[in-house]
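Chain naming follows the written order as A, B, C, D and E, and within any one chain the residues start at number 1.
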């Protein structure tokens, strides 16, 4: 929110929230058999949100800010503001939620407890949109905790022993983070009064830091610790691979849209809109964050190498990729900030495609191990093509979205006078290549018989006659998001492309 | 601090206090139940005597009737019913517990004594204030004035305690109260002589309460005792159990609440009694309270003794109803 | 003109897309349509040919694409684009007739490669260059691994690993350059020269483009990839894709910018010389014609990098050296392409043997630099452009004198190639006359376009008279010496005593293909496995740690034990009395004082 | 040592004795007796405080004591009923949680 | 009816209805009690409005001024607490009316009336002796209610009776000391006249120990896990949510009035705080160990009591005691609402699944999603996680402890929340379907509709209050604690 934006009080932000809250509550009330009603509710909510976002983008880019607030306790309000950065994240969530909903409807065909699933599914996006629209640190905290609570039943959805164990560990990590965040927020609110996000940092916080730098640093560290758990920074990433127990649409949602992104969004909010980059650097926190992010990037990639389970490998890859965003946020240059912000979208679309494809492989051919994927290219060419596009994007090859953010982060690193950033980026690229390219190679080139497939190398025959390799509701989202990965890469120069929007947001943080 | 005759403490007080302390220790220390109960009864009576010494006649009567009487009846009845096998008491553990108890008790007593020693000796100003307000209370006896006018909310709540204790007890033993069928000659005589006397005493206490020591509680206790004896002696209508009795018990409480409502309507504040009709109101409510307390205490006793009465009353014939109920 | 450029890029992509779409579903109509499209796929290159010849060289930009893509056809790019058009055209025509299965897939990828390759030659800003360079490299993998044999997959794997490292190096260099604030390709050399991270950038550029241009330590993928790929693909791979590395070095190295680069220049030249020597020595020991040609390419690429190294050493000669490098690249492209095509023609075409052998020998002579051929002009022009540049290490020997020895080496190699070809049997199955004649024209008339190109570069380059005695003599002695050596070796080989001498009748097992690659493979395989094991160990220790913490001495059982004891009436009663005593005691003691 | 102090200390003694016994005795009826003794002690203390000066004693504490006695009677009543049920079912005296 | 007259309605109405329902048939008694609960709720709202306008509402019963007469006053705390009691009683009685299994017998109705009256009385009492009598009435009613819980509940009820009456006796001793020292039993006048620090210290100490026993604060908590599970579900809900609150409010009142008078108060308060901290940890750990639904929730109460007394030390140390007071009160309110929901839901699950052991509850999440959702949401509120009311209270207590620089309370608040959600998650996990059998087909006796709806409605209420708590806070700050009635 730089100074020339005009703030308009309006209920639109709340409507944005309701588009997924109302369906959620209604779906909870549905009986298991009312599939059609449930799907229509789901899709209606998702489409309504996307339409609203499309309506809002031009207005917000033109500098108009919508604000809705109501008092929580005297002196502290719950505030929703649609500034450029929040709308950016809402757009990401809305888009990917639509795709994931379609995918989930197809994926969970015939499985039990779907009302419960889709209810919590919509609540999860409500929480994510709430986090995005939060105007002050308190609202952010409320929805951040809500996200933890709402994703717990999703991870534990299947009810198997492993699912429950995974959910328990996930809960332990994220609740621990939530407690740290509560401490940080309460303490800062006590010292400085209600903490309203302002691009470039809040003057009161700056003057408080001048007064008492040690406490400011401690508060900053605690806040980062709080959001760091969800952003899967190095020591706190343990839950991500374990949460792979969840069904594929949940993993897709968790990794690409909601939880991990909320963590990264939180980091950027705290670093840029609460403390402000200059102050954060002055307190020495920025370098620390950069180092932690870099360590996570390399660690995530290294661990991904050793995973034979496809979803685990993607999980570790997420651990590494999200820290790109943290790294970008931790560099003192507008390009790096823009790079971090755009990577939220790029990583979102790429990772969700990968998970969709992983889900497709698991659903259609019951393959979940990388070693089993030999020669899948012939049996499921479209899915494999989508997987390849997304994987190449993750490595950061030019025509795809991943390159944009890697290029921006590289330039940002140099601009911020930290040349070692390039070394980190390059090692990460090589490591990414080391764990993605072999998959692509096995998918396309190695003949079927070589894999230890139980039958004599042939795949289970396609269940349907329509000639499609997988049900449309699973295939279309994967292909759509893959196309977006290309589009965001190729059309990065277009006025409303994520890269241009990210730059607009990035400049906001540099008054 | 006025000095009394030959020594600062009247020898009689010292005697009574010593007696009370000794009986208290006995009631606590005697391991067998029978001994403890007897000691407790004696303790109750001595306590009543002590209250007289402390110039609290009303309390003395109440103590004698409720503390010694009804509570005693309940306790004796409990003993009479059944003596559970004493769990094997290994000596060492018992000694340890008493030692710990004694030590902690001593410490508490010492601390409490020092705290009490800091209390001043002059009387509180509350007394005179209350006494001069008595004229405007509608009754002449200060205790009754406090109970039924100044702090009538306490009394209402206290009645509620008794009523709901009775309701609770009745619920817990609803199904097992039996009537006493063949009381035998001795009991019939008692019933004929004592029950009317007790009822008369209760009535007198009730009326006297407005001017001298007495009042609803004491009368209620005596009435309760009368009912219990009547029941034990085969007076069937005196069987304080079942719906009818409950109505009587609850009536007292409902009346009191109604009185509060009337007070509100008349004077604008709950339970306020206008001087003009204060006396009548107090007397009326006292009578109802007496009945209510009496029946409630009888119910408590019967509920407590319920199961085994059935055993005693297995002899067939129903005794002819004796004299009307009060 | 911009529309033409758009068309030139879109048409091949469109054709590739239709091939992909058609090959998706099954059905008779689809396969027949697909066959047709594959037959005429080579037409897709024509628009690029037209636009390349007519283009006025202006900068054309598409802002909304990537960070703003821009292309510009300058005099360095034009000839290479035309070379690409020719070679890709012929290759696309050859594929349907070649024996490789799934020709549609191959043609599709060739078309994609063509677009990327042309893009590399015309890219005008850093990001576009990196886009097309990366695309071309990774599409190259698809071609190399097309036959899906185990050797093809091994070659593909090595190619991929080398490409990834090359990519990263180029990306690193470009990021450093971009941070200097420059994007247009033309003013990159000046920026690099001026930047303080100059050495790092140059090093990264040399590594990055060295991989693609096959300079010595990074050449290992070449001898593996060429035999693995189908021959038309190898022709394109060797003829045009290697040139991408060359144009990279030409565009981005600080040639002719202020201070000389003795260190990097010297390094490049030495690597080139070693390359030339190694290529000749190892190439001879193989009997598979494609491997021999691969090593010959390594030698020729070494020659061009020597030119670039010289330009680094002596900035004055830069323009001449660049022009010479371009001429030599085009010449080598045309001839090497022709030779690779000749293998397929030799195998499959029904044309009489003499009709195949004559164009082949003319091409081989051209490669060796014999007079009246393209090679003659290229070598002469290069030697002239060098002037008296000498290696900083040994100033006594001028670089120009060393170059002829390249010619000796390549002549011996070509002799070896001829022997190997003679042993191959001819199956004479298919062969449309048009594509064979096109090949023949390419082989025979290679000299003309090269001569015309050299005159185009006249000012810095001096064009040799066809028959002027000086150049003819300079060029022919290395060629003749080579022939002599080959004949001597052949004579020796026929002697009964040496019938089974492995040295004289090599079957390619003394030095395995890609020579150093085996060591490299083992090394990368080792590190890869090491890293995987390390990460496994890391994961294991972390889990063990978490497990130990979780199973640590939990207070739980003791607590519920104590609660059980605490629960009895007596003990909880005692606690209550104790609490009372404690509280009152505290009050009295603490208060007592007050 | 004035009468007031005599009564007060006696009251305190009986109270502490009763409370300690209530909390430490396992047998239900003896525990109930101890409870009544303890309440007697508190009433004594209150009445002693009511009759401090030589004038008429303060009626309010006496009314309070009266109420207290009635309440204790009710409590004893219901305690006896419960004790009876516990003993009839020869329930485990040591009421620990199931 | 002037505002002052409203004060006694929450006491007399339930009492009258209780008395009537002793003699009326079950159906009539149930409807009457529900109507009384609704009426009390409305009166609470009216009182709230009155307090908002003119601060504390005072009522001199029977028209006599304090030293002689009894003063009752409704301030912010009383209004909020009467609201809680109305809601809790309404919920419990609705469920009990729907399924007699929850009530445990016909006597449930009169005794619930008595308990409600007593609790509301305690919230408005400003006279220590009246408070004593109210506590006794509450004890009698609660003990009888617990005893309704079937055969084995008599022993638990008796133990509860002894502990409660002993606690009351300690309090009666404090009343005696108050009268002895200040010559009056009215709180405000006594506070004005008290000057001897030792006696005031003794009064506070006795009240603390007495009330600690009655509200099951840590060292003296052993009776609660015995008594609450033994009682019928609706009774356990009322006991945990409401009955223990009466003694806590008396503790708060004594601290409010007598705290500032003596410097002995601060160390006593810290002792209470330490006991509270121990309670949170002890209760939490044991809740993780027990495998019966009701025992877990009972130990959760033991833990949450720790939080409720946590405001006592904070009031003395924080620079702005109001924040600590309001935070503590909101946490108590949140605990009340959540605990009723949790116990009723647990009762529903236990009756449906036939057992209250955790391992017997498999598959219930599919058959009774609303009930399990209620437990989940209630657990969230107990743990003080947003968006529930518990979070508001916890937020303010965290602010207060940060303000007071008391790190240990802070760690306790944060750690305690985690522990709370740990055992809630444990309960939730037990209800998931066994792998494979997705329909949770195991035939469960389907509970009545209201039994499923009421707990969820309460849980939803705690979320709504969590999002818009400012109304409650306005009422609480309109008549602040320590401001004196």
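Note that in this section a contact is a pair of C-beta atoms (placed from the backbone, for glycine too) under 8 Å apart; a residue touches a chain by one contact, two chains touch by 3 or more.
Here the structure is a predicted model, which means the values were calculated and not measured.
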Touching chain A and also chain D, the following chains: C, E
Those chains which touch chain B and also touch chain A: C, E
Chain at maximum distance from chain D, centres defined as averaged CA atoms: C
Pair of chains ranked first by number of touching C-beta pairs: B-D
Chain whose mean Cα position lies farthest from chain E: C
Identity of the most central chain, Cα criterion: A
Between chain D and chain C, distance of the C-alpha-averaged centres to the nearest whole Å: 101
Between chain B and chain D, centroid-to-centroid distance (C-alpha), Å: 13
Averaged-CA centre spacing for the pair chain E and chain D, given as whole angstrom: 27
Between chain E and chain C, distance of the C-alpha-averaged centres to the nearest whole Å: 78
Interface hub residues of chain E, defined as touching at least two other chains: 68, 129, 133, 136, 140, 143-144, 147, 154, 159, 162, 166, 170, 173, 179-180, 198, 202, 225-226
Contacts with 2+ other chains: residues of chain B: 97, 100-101, 104-105, 108, 111-112, 114-116, 119, 124, 126, 130, 146, 150-151, 154, 158, 161, 165, 168-169, 172
Residue list for chain C, restricted to those that touch at least two other chains: 567-570, 574, 576-577, 580, 584, 587-588, 592
Every chain pair in contact, whichever chains are involved: A-C, A-E, B-C, B-D, B-E, C-D, C-E, D-E
Sites on chain C touched by chain B in the complex: 570, 574, 577-578, 580-581, 584-585, 587-588, 592
Complex contact set, residues of chain C against chain A: 24-25, 62-68, 127, 130-131, 134-135, 138, 145, 148, 153, 156-157, 160, 164-165, 167-168, 171-172, 175-176, 178-179, 197, 528, 531-536, 538-539, 542, 546
Residues of chain E defined as touching chain B within the complex: 2, 4-5, 8, 12, 15-16, 18-20, 22-23, 59-64, 67-70, 105-107, 110-111, 114, 117-118, 121, 129-130, 133-134, 136-137, 140-141, 143-144, 147-148, 154, 173, 177, 179-184, 196, 198-199, 202
In the complex with chain C, residue positions of chain B that touch it: 97, 100-101, 104-105, 107-108, 110-112, 114-115
Contact footprint of chain D on chain B as seen in their complex: 1-2, 4, 8-10, 13-14, 17, 20-21, 24-25, 27-28, 31, 33, 36-37, 40, 43-44, 47, 50-51, 54-56, 58-59, 62-63, 66-67, 70-71, 74-75, 77-79, 81-82, 84, 86-87, 97-98, 100-102, 104-105, 108-109, 112-113, 116-117, 119, 121-124, 126-128, 130-131, 134, 142-143, 145-147, 150-151, 154-155, 158, 161-162, 165-166, 168-169, 172-173, 217, 221, 293, 296-297, 300-301, 303-307
